[in-house]
Every structure is written in structure tokens, then in C-alpha cells.
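Chains here go by letter, A, B, C and D, matching the order in which they are written, and residues are numbered from 1 within each.
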Amino acid sequence: MLGRNRYGKSGIRLVRLVRHADRHDFKDVTVAVSFEGDFEAAHVLGDNAAVLPTDTMKNTVYAFARKLPLEEIEPFGLALAEHFLKENAVVARVTIELSERSWKRLSEHAFELPGQERRLAKVAGGRDGFSVTAGLADLMIAKTSRSGFAGFKRDPFTTLRETEDRILATALSAEWSYRKQDLPWGLLRRGVRQTLLEGFATHNSRSVQHTLYAMGEAVVESHEAVNEIRLTMPNKHHLLADLSPFGLENSNEVFVPTEEPYGLIEATIRRG
Amino acid sequence: MLGRNRYGKSGIRLVRLVRHADRHDFKDVTVAVSFEGDFEAAHVLGDNAAVLPTDTMKNTVYAFARKLPLEEIEPFGLALAEHFLKENAVVARVTIELSERSWKRLSEHAFELPGQERRLAKVAGGRDGFSVTAGLADLMIAKTSRSGFAGFKRDPFTTLRETEDRILATALSAEWSYRKQDLPWGLLRRGVRQTLLEGFATHNSRSVQHTLYAMGEAVVESHEAVNEIRLTMPNKHHLLADLSPFGLENSNEVFVPTEEPYGLIEATIRRG
Amino acid sequence: MLGRNRYGKSGIRLVRLVRHADRHDFKDVTVAVSFEGDFEAAHVLGDNAAVLPTDTMKNTVYAFARKLPLEEIEPFGLALAEHFLKENAVVARVTIELSERSWKRLSEHAFELPGQERRLAKVAGGRDGFSVTAGLADLMIAKTSRSGFAGFKRDPFTTLRETEDRILATALSAEWSYRKQDLPWGLLRRGVRQTLLEGFATHNSRSVQHTLYAMGEAVVESHEAVNEIRLTMPNKHHLLADLSPFGLENSNEVFVPTEEPYGLIEATIRRG
Amino acid sequence: MLGRNRYGKSGIRLVRLVRHADRHDFKDVTVAVSFEGDFEAAHVLGDNAAVLPTDTMKNTVYAFARKLPLEEIEPFGLALAEHFLKENAVVARVTIELSERSWKRLSEHAFELPGQERRLAKVAGGRDGFSVTAGLADLMIAKTSRSGFAGFKRDPFTTLRETEDRILATALSAEWSYRKQDLPWGLLRRGVRQTLLEGFATHNSRSVQHTLYAMGEAVVESHEAVNEIRLTMPNKHHLLADLSPFGLENSNEVFVPTEEPYGLIEATIRRG
């Protein structure tokens, strides 16, 4: 005998950009949709006539994210719940769960997600002395303007389209070495971090490599105590949600953030 | 001054099915590709002319997975390394890293990934007695035949295509309650687990719900000590890799396993 | 033939409290120590005469954390590296790696670790209407004063000592339901969060239960739109490092933060 | 008004060794204990008189693990539930949750935890050819006999006691390079893995370094295709539970497995 049952789609990852004239807003939300109702035929007989695919639930979330401003998650959840209940007669109960990560504004078009970041230091050496490196790991940053990728090499396996306007998001890790061992460590660390953030936010990016180099160059130029810096910038791709099947335009407003696969860009910038 | 640098694509998730007449083989591999070479113009000038997109690296991995049998990961890595070096004059050094998870065969077309699984028990109650439930969590299983999803409800947001042949993969969790408290616990647990695996492997699945119910029904029918069972089956989608841009057919052989979003199907089956 | 080798201790978790007259500072650092040198006899013959135990490395880190102010991680690493090299003739190279998480000050004696926190909302219901709950998850907070645990029940398995001065740290999760569905959601959410933080920071805590209740009561009293609130507060234990074998006092200054086991305290506070 | 509430201890990690004359059994269980009852005074007044510390719950679990055989988790949970209910008049409802990971026997005194393990390969190189390395990561193994650590260097921070009988547990990672590129890859991989497991299980270990070297030496000696092998063996410490406050002997039967801190031992063994 079939007892309590439900089905739905979880882990619907969503970034909504609101493009104001002078700035962007950046919302990062994960949604789960769940239905309960009379689904006995589906379970017992394999009759799917009343089963809305969970893939459709996902599509609906992206379409609604385009149609609504998504300033707060509560009314977004209410709109989804009402829609699903209205359109699915067999459904007795809908649950919409929303989870938001709060990005902090760095500039008009750049953002930081506080939290994963760690400060690093490494002291290594032997009888002839030590080297000291400082660093940071997993500083989550994104920019929503001044970032493109075009003019790249093409081969028969290339399907990527050129773009002059994409989200560039990364979990920045950096390690830099110092020329001396008696330094105002905290002051320098904050200074290098600030230079990295400014470089990221202001650069007219033609690629991750291009921005990474500009950030590293700025550190070496601005902080004479720094000998060299190694930057690691995974490219955390944000794919444009395809809303064309629903007659909706998506002018870089609704994105699917992805974890895998990711680009991985690394380079060392040394004092010349 | 630009020092050592590299770039590439990591986290390329890949499932390769080899469809023998009497059985399937199931290979689950994650690939990372990395290039080193003279990419100074890309870093310093933002000139991408020599930069093969990391998206192309990913496409190449899927195309090669179709063309090659992928029985062992070493020759697959060698083939990729040779291809990338030959086609990219500016590249001095290629690195291909491969990581494989070993699925164990359950039947001709069903597989188990050992490892995450845990055995569960819960004893709960008060002065009037205890209830005992047993369970298992995160039993990773997949079937590559006898699984379809068709005849479902459609609405304007539905784009999913019907299929009679898909991979059905899940991380099964189950909790069942017993009617008594003096039982051969270990024997029963192994019996229920076996019934669940057999039910999964042999069912002609029209949906996750359909298979989940059949599995739960078999447990209640085969094990009279079991009162009811609750099954949770996330649908860990395996998307067919689109190889048509490269003139390659993909007859359900190369898949992209995904973590998010995922379907989530739950139900309780009770003794009638 | 033995090639390059090293050994050490990783994952040495450390919280250092600096107790100023008017405020505390809270430093949260993870340390790894590694030695390289002539350890051939240990590998080939099983002769441990030159092998300083990794347990001793750990002890040394805690002892140094007591002796040094630990304001910045770089000089702390330098001091450890110099000590280990001086005291271990066979060691050719020492590496100290440090990773710090930056807690933000909430008050003189309370702190927040930004980053894991997520905002939650849940809309659930059917043809007769929806309920809306809002929430937050994994808000990491700690207080270093006004927290004790004494006068508790003892049985033959009780070894815990009473304390009037401990670190109380938790990953707060909260879910509250609203009485209406047309509300200034963002404003209310920020208000409830602020009330929770103030309640946590200012309460004279006799237990986690005691503080949890005070926090929930304050929310229901201060926000009439809130119907009830459920709080979940794992007790993330900070054990006092035992430095007595080294002749060092530890007046609640050096702690070992632990992940497992943890206390788990949950309650709902309803409008009366 | 206080609504539904509960408290307890979660994440109580436990390894129980059953020492038969000819073999050991290895049980790996995580326990959570939770109480519900009339705890209003604790919440509202901060009166802890009825509150059994969660630390005592933890102690009780370890003591019961010593007194009981712990062959199956269900009766262990029942015994705990009955004890707590009997001894705590204020408790109305007890919940014991148990989660077990199933280690597989390798030999009389050695075990493998299937599941995290991944097979690795790396192909790297340029115009002058490629190198191929194979490997495995996170192969969880433990041995409960023939493992000691004694005769080590002592300094003023050394408190570790010598032992001739401890659990040696690790998450083995290994990478080995081949001398040629046309090899029976799968066969060799299985052979190297088998040699590593045999070396681990049979070695009379005086330290992790000692066993690591013996394992690597065996691989180079047994597999002439292998040029060199690098082994990484974190020492996943299993601390003896201190049961002396409860008048119970613990002759290496009940252990607390720990995640942090951990020893980290690495070495390369090359063909001479």
C-alpha cells in the first residue's frame, strides 16, 4: 500500500542579475520544488499522465526568475507555489524551498561572497634561512560587466560563442612571497588583498588570463615588499539560461551557476 | 613579468557505456586538461588568438570518449595528450589527469558504486516502549537498461523529450520499521538490502516512482518482519553528451553525470 | 632506495583568546608542521631515535600559542620554524603552514564568522492557502564571556567539570513562521537576525538551552509578525588545551575547537 | 512559551575491536543520543538540575561499547535507550541514532573500508614525449595488530606514551611512474594495488614511515615496470577511550577515531 509520497526537483541553482542603469544587483538562490497529491497510478501502474516532469519544474523556476524581479525570496516562492497549484489539478500540496547566499557589493558591477575565505601563511626553510609567503584562499568574487571572451583559437571541436558580456566569477587563491622577514604583516596583507579586489573589479577583461595578469601586476607594482605572486583563478562558469522555448528573452539576466566543469587558470607574476 | 603559467579545464565528468550484446560496461571518469606554453600575449595584451577555449577541451574529451573504447584510463589520457599537442603549436606541455570511480557489476545492466553506503538504525520511544527502524543511506546504484520516462504531463514550460532508454542512477536511502524487537537483525538487514538491489536491477522502469514502489512492495512482500519502508531516491541525471556538432552519433554511449539539479522522489510503502 | 620524504602533523586546530581588560580578541588558526631531513633509519630499519612524534609537534604549537600573542600568523610561523630547527639536529628543512579564519567582532566578547550563512524561505500549502516561513542557516557565532554550565545532573558516567567561564560557539539555524503573507520580508528578516545576534551576545548563559530560549523569546516579543520560531544550536565545543605538562598555565586562553562530537540543542518558542 | 524541544549529543565516533584468538572484528559506528521531556526549567530559568550533560551521554556510549559485544547496531541502540530512560526520570522520550560504516576484512587483523577510493592516471609531457603515472587515492585501510610506535625522540613537549599495540589506519594515496608506455595497464594497476595491501597487512610496523617504506619497496621489487612510487599515508589516529573513571578496563577494544589533527607521512621509493 502506498503511503505518504512526494516528488520534485532540488538543487535548482540560479543567479539573477538586475541591470539598473548605474549598477547591477546580484541574487544567488537555490530552489527546491516538491509536489504531493494523488500519484498512485504513477507508482503502482507506471502511468505518468499526471506527472509533471521535474525538468519542467526547473524550467518554470528559470522562467519565473526572468519575469519577476526576485528582490526577496519569499514572494518568489509564493508566486511559484501559486502557479504550480493552479496548473496541476492532481497536486494537493506544493512546497517551495529557497536558500540564498548574500553577495556583498564591491562596486557597481563587482561582488564578493563572504565566508569561505582563509588567510594563509607559509614559513619554510632550513639552516640557511627561511622564506615567508602570505596568501589567501577561496575569496569568492564575481563581476557582471567589463568581461568578455572573443577572438580565441577555433578547431573542429569548438562550439563556444564569442561574448563581450559575461559573468566572470572565481574563487581566488593567491600566494605571494616577501623580500624581507621583518614587515608589518597585517597591513601588507590587507593592502595586497585590496589591490587584488580593485584590479578584479576595474579591469576590462578579455579573458581570465588577462585579468589575472593585471591583478598580479598591480600587486607587484603597488607593494614593493612583494617579490612575486601566484594567482589561481578557477573560472566558475555562469551559463545563460535558455528561455527561448518559453518566448522569453534573456538579456544576460538569468544564469545557471555551475560547479563542474570549471576552467582553471594559474600564473606567477614576478618583479621584472 | 609573467612567470610559470598554465590553463585548462577541470572537473570534466564522464560516463561511458560500452553496449555489448549481452551486457553493458559502465565507466565513470573525471578528466582535467591543462596547457603550458607561450601564452604571454593572452596575459599581457588580452590577445586570445592562441588560446583554445577550455570549453573546446571539454568537447574534445567527450568526442574522444565516443571514438575510443575507454577500457583503461592510461591510453585514453595518452590519446588526448597527443591530440592536443599536435593541434596546438603554441603548447609546449600538456597534462591530462584522470580519476576513475569503480562501479561493481550487479547484473548485465545494473551497477553499484561501493563506498558511501552506511547502515542505519534508530531506536526511539518512551515509557510505553520503543520502535526500531533499520536503514541504509547513500547506496549508489545505476541501471542502463529497462528504464524510460514517457507519457508524462506537458505544459508550456515542458521541453523534456520522452525516452525509452536512459540511465537511471540514484543514491538510495531506505528506512524500514520492524513489527517486533527480537529479531535476527543482521540477517534481516542483508535480506532487505538484497531485495532492494534485485528490485532495482530487474524492474522495467517507467519512472523513478514506478521503480521505487516496486522495490518497496517487494520488501514488504518478502520480509514479513517489516512493517513499512520509506525509500528516498534522488534522480542523479545522466545527460546525453551532444556530439552532433562533431559529426558523431551518440547512441546512449557517452553521458554527462550531473550533481545539480536532481529529481527527488520519496514514498512510504506499507503492509496493506 | 628512499627518495624525497617528509612527515609532520596537519590539521592542528587552535583558538587563541587574548583577554584585554575591556574586550577579548579571538584568533582561529589551523597549523601544519612538516620535517624533512635524514630519516632513512626510520624508514628502512624502523629506528625511531631521530623521529620527534607528530604528537609533540601538536603540543608545541599549543604551548607556543600560549607563550606568544599570536596577533599575526607570519611571526607565529617563524617562531615555530626556528624552534623546531634548533631542537632537531637531523632536520634539514621545516615547513609551517598556517590558515586563519577571520572572525568579525559583534561586541566586546562576541564574534561572528562570516560566510557559511544562508537565508532560507519556505512556502508550503494547498488549496486552502500557504504558510510562509523564513530562516537562516549556519550563522557561525561565538561568545567568550557570560557563558557557564554548572549545577547539572550527575550520574556514574559524568566526568564533566562545572565551569562559569567557557567559550560558547554555535552554527545557528533558525526558522520562523509569519502570521500574514503580505509583509516587508527583507526588513523583517534583518530585524529577526539582529535580535538573535543581540540576544546571543548579551545573555548571561547558564546553558545552551537557556540562551536559545532567551533568543527565541526576544524574537517573539520584538517582532509581532512572527508567530513562532524554531532554533537549532549545535554546541561546537572548544576544549581547553592542557598545557600543565609543560609548566604553563592556561587561563582560558588556548582552546582546541572540535567538530565531533557536538551537543545538539533544539527548541521551538511560540507566542503565548 | 516553550514548544517542542530536545537536546543531545551527536557525532559520537566509535571503533569497537572484538579480539578473538585468531582474528579481530572491526566495527565503526557513529552514535547520536537525544532526550525529550520536561526541560522547561533549564530553558526558562537556567536551572540545570535535571539536565544530564551531553558529555555524559558520550561517556555512556563508550562505556556500553566496552560492556557489550556490539555485533549489530540495533540491540546496542536498544540497550542505550533503556539505560537512559531508566536513569532519567524527567525524560519522556529517548532517541538513539546509529550509523555504521562496513569495513571489509583483508586478513585476520587488517581491514578495508570500500568506497572513497579512486583510480588515477596522469599523462604529462611535450614534443619530446610523455610520462605516464598511475595511482590510487583514498584507499581506506586499517590494521589492528603488528603496529607499534616506540623508541622515538623526546623533548620537553613530548607526552606521547610508547605503544607496541595500536590501530594503524590511513587513507592511502599512491602514484607510481612506469618505465614504458605500452603496458597491460589494468593488470599492472591491480597488481600494484594488491602488493600495497599485502605489504600493509603483513608488515611488523614500528612506525608509519617504516610500513610506508616496506610497501613501496615491495612494489618496486615485485613490478619491474614500475620506476618509482610515491606514497602518502595520513595517520588517522584512533585514541583509546579512557574508561577508567567508570571502573572499566579498556584493553585496546574501544577507540575514538579522529579526523584532526592527523599525522602526514610521505615518501618516494625509487628503483636503486
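Here is the rule we go by: a residue touches a chain if its C-beta (ideal position, glycine included) is under 8 Å from a C-beta of that chain, and two chains touch if they have at least 3 such contacts.
These numbers were taken from a predicted model, which means no experiment stands behind them.
With centres defined as mean CA coordinates, subunit C is found 27 Å away from subunit A. Distance from the subunit B centre to the subunit C centre is 36 Å, each centre being the mean of its Cα atoms. Inter-chain centre distance (subunit C to subunit D, centres taken as mean C-alpha positions): 24 Å. Multi-chain contact residues of subunit A, defined as those touching 2 or more other chains: none present.
Taken chain by chain, the contacts form a single closed ring in which each chain touches exactly two others.
Chain pairs recorded as touching, per the definition above, are A-B, A-C, B-D, C-D.
Looking at the complex, you find that subunit C touches subunit D at residues 1-13, 32, 34, 39, 42-56, 58-60, 63, 87-88, 149-160, 205-210, 212-213, 228, 230, 234-235, 245-246, 259-272. On the subunit B side of its complex with subunit D, the touching residues are 71-75, 77-78, 80-82, 85, 91-102, 113-127, 130, 132, 134, 137, 181, 183, 185-186.
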